[in-house]
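Got a structure for you, written out below as structure tokens; questions coming shortly.
Naming follows writing order (A, B and C), and every chain is counted from residue 1.
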Amino acid sequence: MATWTWFHQLGSPPHAYRIAGRFAPWFGWGALLCIVYGLFGGLVLAPPDYQQKDAFRIIYVHAPAAWLSLSCYTAMAVAAFVGLVWRMKIAHAAAAALAPVGASFAFVCLATGSLWGRPMWGTWWEWDARLTSQLILLFLYLGYMALRSAHDDLQRADRSSAVLAIVGVVNVPIIHYSVYWWNSLHQGATVMKADRPSMPAEMLVPLLVMFLGFTLFQWWVLCTRLRAEILDRERNARWLQTELLDGAR
Amino acid sequence: MKAGDGAVPTGMLAAAAATFRRDVVLAFRRPGQMFQPVVFFLIVTTLFPLSLSPQLSQLRDISPGILWVGALLSSLLALESLFRADMEDGTLEQWVISGQPLAVQVLARILAHWTVSGLPLVAAAPLVGASLAVPATAFGTTMLVLGLGTLCLSGLGAAGAALTLGSRRASVLLSLLVLPLAMPILIFGARSVDLAILGEPTRGPVLLLSALTILTLSLTPWAAASAVRISLE
Amino acid sequence: MTAPTQTGLQVQGVHLWRGERHVLRGVHLDAPLGTFWHVRGPNGAGKTSLLRVVAGFLWPEDGKVVWNGQETRNLGDEFGAQMACLGHEPALKADLTARENIRYLVGLRRAVKDYELDAAFARLGIAEHADRPTRMLSAGQKRRAAMVRVLLSGASLWLLDEPFTNLDVAGVELFAGLLAEHAAGGGVVLATTHQPILAPGVRTLELA
């Protein structure tokens, strides 16, 4: 079937390298456009919120970052699964490329959440459900990256971290649910939930555009990092030397 | 053919029982090692009153947290060596080629580990609880949830120990990997103890914790078995 | 899945990379039932890697391993039951006696009776050490104990990596005899060693 040939072709490093190189500029420029439009629409054009005034605008970075950190982990786990089951080294390279990206998104979410909290709650940190859940997700990312770097043998690093990613992705919904449950028990502590205020279109559209922009950004970074991973792993391969020489010409 | 013609091949459960028995026998031949986690539990839980306050009323409020954090950290101690010895002397390889499903052998090991390391913690829990002014009516629930929680932790720890086999700084890395995954257990378990102290019905979190335990024990043996095979490559 | 035929072990065109080293380059082996193979080669030639590929611990990048007409990759746990390995480590726990160790390890595969254990320990010359904790045994005695396990395993395929280490001259002779006997009885033996194997009918596989 045509779909499966495409799938197996993607597994060959030279192919993946070229395809990633071809798509990367599209993702990159698309991301830039979306983010610029979204930021302009959100920071400048959208009216201030009734309750939170201008402080709510941090949501334009905070909410997409939260969603991306979760989707990155899922993508990482899917790549890990493909790498384990079909023994495709490219899939392991993709998972390795995604990890720091997802961790950065989680960190951005925590930092913007803290910044948002300052005017809202008066403190730099609150143990609210979303922030705590993102914090645990950040720990999962850090654990994944630590396990990768702890194994000297690349194949073992790839395959063990793949198992960890799969165990983690099963746990993510459990952790998410239990943290929200925990938080709901102690209502007194959280004064204001850092939730999306109900939004008119002028506020909502830039937010959706930011989601799209962040997603495209993730894909752009993935393509670029994947190429870097391939360069690192295949540094002695003949195809790479021909490719780079041809490119230099 | 050779010796073994006509001999009865061992079934999956019999092999698992043999592994369980062997692990427990081995542990009992080194009784000193067996009690270290319990002593650690006692020491850690003593740290809290020392650093916070000797007031029993204050301690009772935070006792679920103290009990659980102490139990978690004590369980982690015993986990790092779960597979190490067998890896080094070649027993893990014998497991893989024994013809028995590896995940079942791992489950037997998890249960043996819990029997030897987790159950003593459960037994020590009333003692520690009493020192923190936990009312005796809460002891039953406390022991139940600590039992379930340490069982989950043995499962998660087995997966973590298998993943970190042969890597550098395995014990620290193991804690780094296992603790975030153990947070739901902590949430439900501590809440159960809290409700028990207040005398309120504990059914909700206890059932959630039980469900989590069943899920963990169904999935972590497979993850650990994969990780064991990977470490033998 | 095809029904098993009694064709023994075939290794077909196996390529293996360890990191960036091309360790096994297209290894071929046809080992019908009843053959005894001495796998030879200089250090780093891939002797241990070949045994580990056959045992299923390592997956080759190319080629396949076939046992009795079926690919071992598809056989999974079943293949393990028909194979016994003797590696560098004897797989004995220091706190258990030799008897307890072997009874457990063989017991994972099949029920083993005490008289079988007694006979095997006697055969390997360590009958009086069978009930002492393994930490009190010398390296050579531990290796003999590990051989008891292989002998009683009921497996057709024996894979032995440097089986003669730590053995005295009498021990080497004894082991060589046991291996030859197993092959003569219809099993397949693959052994790597730097020493020459003095036994009838030994075939050689040279790994460059």
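Rule of thumb we're sticking to: a contact is a pair of C-beta atoms (placed from the backbone, for glycine too) under 8 Å apart; a residue touches a chain by one contact, two chains touch by 3 or more.
Just so we're clear, the structure is a prediction, and the values are computed from it rather than from any experiment.
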item	value
Centre-most chain [mean C-alpha coordinates]	B
Leading chain pair when contacts are tallied as C-beta pairs	B-C
Rounded Å distance, subunit A centre to subunit B centre (Cα mean)	33
Length of the line joining the C-alpha centres of subunit B and subunit C, rounded to whole Å	35
Separation of mean Cα positions, subunit C and subunit A [Å, integer]	48
Shared-contact residues (touching 2 or more other chains) in subunit C	59
Where subunit B touches two or more other chains, by residue	233
Residues of subunit A engaged with two or more neighbouring chains	155
Subunit C contact footprint on subunit A (complex, rising order)	87, 153-155, 236
Subunit B partner contacts - residues on subunit A that touch it in the complex	84, 136, 139-140, 142-143, 146-147, 150-152, 155-156, 159-160, 163-164, 166-168, 170-171, 174-175, 177-179, 181-182, 185
Residue numbers on subunit C that touch subunit B, as the complex places them	55-59, 77-78, 80-85, 87-93, 95-96, 100, 104-105, 107-112, 116, 120, 151-156, 182, 185-187
Partner subunit A, residues of subunit C touching it in the complex	19-20, 59
For the subunit B and subunit C complex, residues of the former touching the latter	1-5, 7-10, 15, 18-19, 22, 25-26, 29-30, 85, 88-91, 93-101, 229, 232-233
